[in-house]
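What follows is subunit A paired twice: with subunit B in the first complex and subunit C in the second.
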Partner chain A sequence: MVGIRSYGGYVPRYRLNRFLVFGSMGWINPANMLNAQGEKAVANFDEDSVTMAAAAGADCMTGFDRSEVGGVYFASTTAPFKERLCANLVAGALAAGEDIRTADFGNGLKAGTSALMAALDAAAAGTANNVVVSAADIRLGKMGSVQELMFGDGAAAFMVGDKDVIAEFKGSYSTGYDFVDHLRGAQAKYDRQWEERWIRDMGFDQFIPEVVNGLCEKYGVAPGDFDKVVYPCYYGGARKAIGGKLGLDPEKVEDNLQAVIGDTGAAQPLMMFAKALETAKPGDKILLVSYGSGCDALYFEVTDNIKKLPSRKGVSGYLERRAELDNYPKYLAWRHMVDVDTGLRGEEMKWARWSMIWRSHKAILSLEGTKCKACGTVQFPPQRICVNPKCGATDEAEPIVLSDKGGTVASFTSDLLSATINPPAVYGSVNFKGGGRFVFDFTDCTVEDLAVGNPVDFSFRIKHYDEIRDITSYFWKAIPA
Partner chain B sequence: MSEGIRDKVVVLGMGCTRFGERWDASPDDLAVEAFTECIEDAGIEKKEIEASWLGSHIDEINIGKGGNFLGMALKLPLIPVTRTENFCASGTEAFRGACYGVASGAYDIALALGVEKLKDTGYGGLPDSPAFGQMQVAIGPNATAPGMFAQLGTAYSAAYNVPMEKVKQAMAHISWKSHQNGAKNPRAHLRKPIPEEKIISAPMIAYPLGLFDCCGVSDGSACAIVTTPEIAKKVKPNQELVKVKALQVSVSSGEEALYTDWDGAGMLTTRRASTKAYEEAGIKDPRKEISMMEVHDCFSITELATMEDLHISEKGKAPDDILDGFFDLDGTIPCQPDGGLKCFGHPIGASGLRMLYEMYNQLLQRWEEDRLVKNPKFGLTHNLGGVPNQNVCSVAIVGL
Partner chain C sequence: MTRYIHFPLNEEIRSIGGYYKVLEEGVLDFEDKKVLYALKGAHVETSCCGSGGMGLVSVPGYVTSWKSSTSDDGYPVSEVKHITDLEARKRIQTQLKQRFPYIEVFDFD
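Let's turn to the complex of A and B:
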């Protein structure tokens, strides 16, 4: 039986009140008042689609052994690279191994469901099992645009396999249309959309019912048979109309999280699906629909195994982990939408030296250190000679992944001299649980959240962004647990 | 068993520039200024110098690499110049090279000069440089020197259960003392007394370090000429000889950065280097025998921890000694009589030699009454380079 084995979600900690944006930018587009409700989730300055996909992937892996993973698929329309496979970065962050299938899916908002179907098909064919599919997006609208208010950032991940599934995959139905409601050219930074009435009436309102009916006809079910129905559409009225057209009980239509997260692009239907699974019961039929350049509809039935799935943060857990970003210009600076002065110190170059990064890629991507076989001392970064003064064994070390170990704060500071677009730089010495120590940047916190002895987790983040060469470098940071 | 170099080398002369934002002075100007004073003091001719050591740290925005800078700036007659770079101990390392050259019998007279031109970066604080290599750039924190040293404060408070308010008070007294002393010193960078309340309430740079907890970033140069006791007696028959009693260096083993036993509240290297230095100098009880000190107060918290690491204050008790005035100019062991890094300034490669310059002149009782340490016997200097969890420490003791 092929289906979903596990799910995970991720919502960045910071939330931007839409009215705050409107307060600054409403002058250019007063009609946006209608969209200035609720808040949107925004990635921190050191997050992008890759780091959010890694976070959702890690949540999805809760209780599973990383050696089981047979592949990692990354789906996004906002990949930080045109050439450099992001799935390998996500796989590295999950320490999922390197003899696995990795692939990126992009360019359309169906990318998340396309990746999921590709993983389901591989599991069915027996060519790859336990593929982790992680979808994330961090789309930008221009200052003052509708999209700036409607879009949000987030991620969801699923492990797809052929046994012990929590939701059996029953089938799918797809359409593909060159219906250009939203568009970004290869060099474009911001989304561009056609008239909203056309998108609403000829897009969402036509294509979603069409794909749902197509799937129902193919598998001999009715829309009303589904216990949970997931479909995107951030126009509130149109969303209701689609449900009415399909004869759906409004109680069974999953919330699109528009009021608390926003439209997360390729991740949107998968985040809604992941959240639906949080409360799903054995026997529940779930319909997952994506929208954008056509639609994919996927039909799942929840199994008894869902009761055995280890608890995880999920979309709901991450929604609760929340801090207000009460500063709209800071959002613009984080997304490199405006030029800000980080001082001359900020102009010093931080080169990505690829031969060095490759040599140490397991330490950098997987937070892999060494454990001395002679005395058991864990150390990071990897050491040839054991650092324990009572040991000192040479070349007796074995690798150990530390990203999921957590740690405690040994010392910390909050530094106003460091050049960063998110001052002050907060960092400090962290002792890994089980041994080893390293000085990490802290993120998603302020110095007030820290004290010696406090527990921390590790999060895969952007380490440097080289604006001149458009190169993002990654490493791990510590966040208060 | 090695016997060390106690009393085998004598400081024949020293020189030191005014430290500060020397916008008009090139590194060459600074080196010539220090050297001119030094060679006049030594009472010898340039051609008598047989070998030289040059200390400087951040070569990229400074003098460049290698020893050529010194040979060309001072027009040294084709003698050896060895550049020493060992973080903030670079100047003391130059001195150590010159002393070992003389103590070994390889040379009769040797020169050590430290120089640093820091104020050509365009921004405040130390230059941002990949000081720990490219891997540290890739994975290390977005750190500055104040932030790395600030962690001594949070770790110290936790390790000895001393409330942060008391740590801050002791740190403020340290900076107050340096400002008091620096104000009396015509060559110091910062020459203004600052009240403790103003120090405590200053803007934060890196928690818990405020503006006045951080030392000056300065340009400057300092210089020493060393020789054997026999030659010194001939050159200066009527002057007391300032002898080198001990020179020790200790470098982190990775234990502090990677192993979890270290409490982060003091420097293992300073503990080891000072123990070895007291042994070499024949000092049994440093708290009773050391007359005065110039220590590496890059940040006030560094000086606080160093008082314990040098085995002067008991562990956890440095704040008490500091607040008791034990290290004030009129206290039991005056510490930073010249204003320290805090107020005399910190041109990295010159700092170790600047500290020795102060000890040398105090031992010869050359200063004005208001900043004179009375009848000193041993003067200790201490440098701490790098950051607390991976550092280079030097301890030198000079005496009569």
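Let's turn to the complex of A and C:
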């Protein structure tokens, strides 16, 4: 039986009240008042689609052994690289090993479901098992645009396999059309959309019923047979109309999370699906539909195994972890939408030294240190010689992944002299649980949130962004647990 | 007296060329009277000549009775007295502008 073995979600901590944006930009587009309801989730200054996909993947892996992973697929329309496989970065952050399948899916909003179907097909064919599919997006709309209010940031991940599945995959139906409603050219930073009525009446209203009816005909079911129905559609009225056209009970249609997160692009249907699984019961039939350049419809049935799945944060857990971003210009700076002066220190050249990065790639991506086989001492960065003065064994160390160990704050400081787009820089020493100590940046917090001895988790984040060469460098940071 | 129907907030009220939503309703204390106002967003998106929209504050009038009856559709209905005094309109608009600084259109008619 092929299907979903596990799921995870991720919503960044910061929320931007849409009316705050409208208050600054409503003058250019007064009709945007209609879109200025609720709040949107926004990635921190050190997050992008790769880091969010890694966080959702880690949530998905809760209770699973990383050695089981047979592949990592990354789906996004906002990958930070055009040539550098982001799935390898996510796989590295999950410490999933390197003898696995990795692939990136992109260029359309149904990339998330395309990746999921590819993993399901591989599991069914026996060519790859326990593939982690992680979708994330961080799309940008121009200042004052509808999209600026509409879009939110987030991620969802699923492990796909052929045993102990929590949701059996029953089948799919897809359509592909060169129907352009939203688009970004290869060099474009911002989304451009065609008229709303086009997107709503010719897009959502036609294609979603078409793919749902196609799937139902193929598998001999009716739309009303599903206990949970997931389909994205930003427009409230059109969303209700689609449900009406399909004869769906509104209670069975999953919330699109627009009021609390926003449209998360390729991740949107998968985040809704992950949230649906949080409350799913054995026997529930779930219909997952994506939209964008056509549609994918996937049919799942929940199994008894869902009762055994270890608890995780999920989309709901991350929604509860929130802080207001009460400063719209800060959002613009974080997303590099405006030029800001970070002082002379900010002009320092920080090269990405690829040979050094390759030499240390397991330490950088997986937070992999060493554990002395002779005395058990843990050390980060990895060392050939045991740091324990009573031991000193040479080449007796085995690798140990520290990213999921957590730790405690040993010291911390707040630095207004360091060049950062999010001053003050907060950093300090962290003791790993089980031994070892290293200096980390603290993120998703202020200095007031820290105290010596407080527990922290580790989060894969952007360490540095080289604006001149458009290179993002990653490392782990500590966040209050 | 003019009847004012309190439609549900944030629901699309559609017409042939587009729709509007009532986003907020409130009563403003103005001198010795109560002024009913409604913050609305309007969007023209099914017109042949393009799309666009605006935010506006509609001021139906002084409240003379509050949700004292219901419409045929079951929505609450208040009664208001139209504000015709142009100087009073200016003073009301000044107060409302402080509350809604991003609004350029105040509709008293």
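In this text, the second predicted complex is superposed on the first by the 481 of 481 C-alpha atoms of A that agree within 3 Å, B and C clash if a C-alpha of one lies under 4 Å from a C-alpha of the other, contacts with A are read in each partner's own complex, and residues count from 1 in each chain.
In this section, a contact is a pair of C-beta atoms (placed from the backbone, for glycine too) under 8 Å apart; a residue touches a chain by one contact, two chains touch by 3 or more.
No experiment lies behind these values; they were computed from the predicted model shown.
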{"item": "Which superposed partner A:356 touches (first subunit B, second subunit C, both, neither)", "value": "first"}
{"item": "In the superposition, subunit B vs subunit C on subunit A residues touched", "value": "B"}
{"item": "Touched partner set for A:413, first subunit B, second subunit C, both or neither", "value": "first"}
{"item": "Subunit A residues contacted in one complex by subunit B, in the other by subunit C", "value": "none"}
{"item": "Residue ranges of subunit B in contact with subunit A within the complex", "value": "121-125, 128, 134-135, 137-144, 146-148, 150-155, 157-158, 204-209, 253-255, 257-260, 264, 389"}
{"item": "List of subunit A residues in touch with subunit C within their complex", "value": "22-23, 26-27, 30-34, 37, 195-197, 236-237"}
{"item": "Subunit A-facing residues of subunit C, complex", "value": "10, 12, 14, 19, 21, 23, 39, 41-43, 45-46, 51-55, 101-102, 104-105"}
{"item": "Residues of subunit A touching subunit B in the complex", "value": "343-345, 348, 350-353, 356-357, 360, 363-364, 377, 379-381, 383, 387-389, 410-420, 424-425, 427-429, 431, 435-441, 447, 452-453, 463, 473, 475"}
